[in-house]
Amino acid sequence: MQRNYAEDFPILKNSTSNGKRLVYLDNAATTQKPASVINAIRDYYESSNANPHRGAYPLSERATELYEGARQRVADFLNAAGPDEILFTKGTTEALNFVASSFAMDIVNEGDEILISIAEHHSNLIPWQMVAKAKGASLKYLYTDAKGELTEEELDAKISPRTKIIAVAHVSNVLGIVNPIEKIVGRARQVGAAVVLDIAQSLPHMKVDLQALDVDFAAFSGHKLYAPMGIGVLYGKRQHLSKMRPMLYGGGMVEDVSQQEAVFLEAPYTFEGGTQNVEGAVGLHAAIDYLMGIGYDEIKGIEDELSLYVVEGLLNNPHVILYGNSHPHNRTGILSFNIEGVHPHDVSTILAADGVAIRSGHHCAHPLMRHLGVNATCRASLSFYNTKEDIDIFIESISKVRRWLRLESK
Amino acid sequence: MQRNYAEDFPILKNSTSNGKRLVYLDNAATTQKPASVINAIRDYYESSNANPHRGAYPLSERATELYEGARQRVADFLNAAGPDEILFTKGTTEALNFVASSFAMDIVNEGDEILISIAEHHSNLIPWQMVAKAKGASLKYLYTDAKGELTEEELDAKISPRTKIIAVAHVSNVLGIVNPIEKIVGRARQVGAAVVLDIAQSLPHMKVDLQALDVDFAAFSGHKLYAPMGIGVLYGKRQHLSKMRPMLYGGGMVEDVSQQEAVFLEAPYTFEGGTQNVEGAVGLHAAIDYLMGIGYDEIKGIEDELSLYVVEGLLNNPHVILYGNSHPHNRTGILSFNIEGVHPHDVSTILAADGVAIRSGHHCAHPLMRHLGVNATCRASLSFYNTKEDIDIFIESISKVRRWLRLESK
Amino acid sequence: MNLNEIYTEIIAEHSTSSRNRHPLEEASIKLEGKNPSCGDEIVLELLIKEERIEDAAFTGSGCAISQASTSMMIDLIKGKTVMEARQLAELFSAMIHKRVSDESQLAPLEEAAALQNISNLPARVKCAVMPWRTLEAATEKQPLE
Amino acid sequence: MNLNEIYTEIIAEHSTSSRNRHPLEEASIKLEGKNPSCGDEIVLELLIKEERIEDAAFTGSGCAISQASTSMMIDLIKGKTVMEARQLAELFSAMIHKRVSDESQLAPLEEAAALQNISNLPARVKCAVMPWRTLEAATEKQPLE
């Protein structure tokens, strides 16, 4: 029998939502935390808390070891060339903004092109609008096809010798589609463009090997990976990091400061000004350990099965419109849909009454909503801790929505 | 009898350092966390964790309430005009960098002057070097006198009609001196300069009323205020915030996004791009509640008494050189000193063997070190959870330092 | 939360009713209202003569709550003076933000009082309030001749 | 951690000794080494003739560990070939990073082996290593005529 991983998550065991068992299907927004992560945070504050890198006493040495140990763990996990390619940030948004302002602003010139996909999250979209405007470059879009995919023709048509940067999500946060990164990187190399990969929605569900993918930058958020809020990671190739300006000026990132000049440290320290979030790094380390204890094969196995089961349930309802691919091949467990005649916000309010948490709205992807020709969608997003029972409750609740709005006889 | 507040802090009750009781005197670097803060973090993850501001289900509504409740608590605590003047950041460093890049860069012009004190922390110093350089402005320094204070003459001599920004710490992280903010703001108003106040080292020890002080910006870090790492606050007057560019572009800070344009929300939301650190806000709220349960009168009472006791102990040692003021009037419990003939790093290693944690080095204040004519200092910094017994152990350990280095006969 | 108190007959009826949902040719004021985060969007049209709302209608789309709230509001304000309509908007806002909950005090809202329970759904309050805010904005600069 | 193993007689003696602490007039190489985060600073001066370190000395200031380490290093390398000195630096680094801990293997370091216990103090490792890194940098481009 399969293990029920919900047992590892206190909030799933204990919480009720409107008096019902919590059915949490908003994992693409943020994930719940296993007891091992919550305990790692408590243990850190109860035994090892200090400002790292600065103190010559055991507590500070321990905090430093924990912080740098987490960096090494992330480097191994992503298969970076070394821990110096891993910078801690507060999340994906900060990481991507930093690449835009400190890398792109230096290499993009007037007339150049920045290429992103129409399915990007605002965090991997607005920063590029800003760079394009500041530099007189043009921001171009890769459009997804009817199944939500980026075709080879589209890549061929849009990637040109003027392309300087290609920024795409590994997995779309609305459609769950896995983008063809190998092909994108292959073409990028031919034209000399840098590739910025948003792995916020892929890393929780699949192995990401950054050296194999050969991207220039990658970013993710801890809170979507079962780790605490307030911590994230930017990966950057050494050759780029060594040329970039710091992110924040302050303590911990300087070699020497005189009244008018400052000499900065090398990567990764030059990019980590201010007291760093050791708690977050420790929590992220614990989350990666927890996930790797389960293994991606098991995670993917469970999530694919659940995903098929959800699709089956949804397609059984004649009023459901599903966006993107309907089979789990090339897709993680993110399902966007609408119910005929019903606004997504009413759907989520009605589901909430049954204890079911899904997201409705534009999912920080306005341009994609317009491309799909909708105002908003409902989104259910899965984790390996979900169960078939969760899905049964969800599908049952969906079936009642139109009745609540008197669109069907009871 | 006075309460022993160390009882509230698990790390102080349970931890040993080199087999001895932990005597933690590095509170200016980071503070330890009371059980109530650690529990608030755990409770958040075990009952209320969700992405705030976005979900129409109870869990997300609760996360939103907790996050906005924390903002309101901080606004009340600092006596801001409203919660819209409070932005959450990851710390003081991020907050000050943001003021430099998003406010100062727009109002400082060639030939203008930016004025800071020679005792500033690098986080309130290097960002101003950058603005001055980018804008062709000059960065001027207020020098401290022999007691570590900023005199009226110095203010009169340096504040001029060309001064656009005055950025100072409320309390110096090296000397503990409380700067004369009322006088600085008075003169700033006469010449039309904006005042940026670094309250990272004052807020843990004294009431800060921002409307009474009438400063334009203020910043602090949660981790120095008994709250978790990874959270901080920037206060900004409404009139300034309403004109400033966002900090990070991404989710949660936009009203509408088309392929080439984005329309942003108003303050404070426009400044909080990306998923926000609800855990950090919840922990900060709990820390403020804890502190206010004790009260600043009690905190100051304890810390002043301990501070006098430390000074007495240090001055009894003929080889100790104390920097700055020796009486607690106008000073918090931060004590910088050196021991004749001994490098500060040897002092902290020797103290660490007795379980005593102090900081040694330049304390992220190179220019002040040069101004004091030293390479580095030792720094002991107090909290209300320290005890006279802590100080006795510290002073006793100090008395052994020169013997370990064979500078005295045993 | 009990859905029976949210998606009531009367709200469901108003949310799909076409009675007030049409352009108003002789409108003297026309104002767009929206909740960008939801995609709710209406265009409110008013015909105001001598300080009185002679006619009102709307077009647009959005969730059941926002559409029902708009339709109920229009039923209520037709024939009222601008001042009365603004007072009703004030009362509606007080109800939805839980500043007033007494039934007798809410009586002037008539059917729109059915939205009272939305006050328990923080994420949906803005849907219910949006048409009323649009009404306030539309009549703000209305010269009271 | 036992301070007796850190601040030993021999380290205390070397840290204040003036034997090797002076400028070297005929130096053929002169290189500055520092630990910016500590304020440790030395200037290492070497007189190299025919691949051999004929004389060595230093000036500077810093913590007891960095000063003792420098003084011990100078005692050790005087008279050695550049190649031997670089091998000793290699061995010292292996010791301080705990890659080699066997006493007999560390014998060539002579008195400098007294710094072995610093390997247990992560915050002080850089103090001990600094002079040796400076030695390596100074001799890196040394033409081995």
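For reference, chains read A, B, C and D in written order, and residue numbers begin at 1 within each chain.
The rule is simple: a contact is a pair of C-beta atoms (placed from the backbone, for glycine too) under 8 Å apart; a residue touches a chain by one contact, two chains touch by 3 or more.
Just so we're clear, the structure is a prediction, and the values are computed from it rather than from any experiment.
Student: Comparing B-C against A-C, which pair counts more contacting C-beta pairs?
Tutor: Pair with more contacting C-beta pairs, A-C versus B-C: A-C.
Student: Starting from the mean Cα coordinates of chain A and chain B, work out the distance between those two points in Å.
Tutor: The computed centroid separation for chain A versus chain B comes out at 32 Å.
Student: Let me have the rounded angstrom distance from the C-alpha centre of chain B over to the C-alpha centre of chain D, please.
Tutor: Computed from C-alpha means, the inter-chain centre distance equals 39 Å.
Student: In angstrom, rounded to a whole number, how far apart do the mean CA points of chain B and chain C lie?
Tutor: Distance between chain centres: 48 Å.
Student: Among the residues of chain A, pick out those that touch two or more other chains and give their numbers.
Tutor: 18, 55-58, 60, 256, 345, 349, 352, 361
Student: Which residue numbers or ranges of chain D touch two or more of the other chains?
Tutor: If we look for residues of chain D contacting two or more partner chains, we find 1, 121, 123-124.
Student: Taking chains as nodes and touches as edges, what kind of graph is this: line, ring, star, complete or other?
Tutor: It is other, because the touches fit no line, ring, star or complete pattern.
Student: Please output the residues of chain D touching chain B within their complex, sorted ascending.
Tutor: 1-3, 6-7, 9, 12-13, 15-16, 37-40, 61-65, 121, 123-124, 127
Student: Taking the touch rule as given, give the residues of chain A at its contact with chain D in the complex, in rising order.
Tutor: Touching chain D: residues 55-58, 60-61, 64-65, 255-256, 263 of chain A.
Student: Can you tell me which positions in chain C touch chain B when the two form their complex?
Tutor: 1, 36, 121-124
Student: Quick check on the complex: what are the chain A residues that touch chain B?
Tutor: 10-11, 14-15, 17-18, 22, 24, 26, 29-30, 32-33, 37-38, 41-42, 45-47, 49-51, 54-60, 90-94, 96-97, 100, 118, 121-123, 125-127, 129-130, 132, 139, 141, 221, 223, 228-231, 248-252, 254, 256-262, 273-280, 345, 348-349, 351-352, 356-361, 364, 366-367, 370
Student: Of all residues in chain B, which touch chain D in the complex?
Tutor: 18, 342-346, 349-350, 352-353, 361-362, 369, 375-376, 404-407
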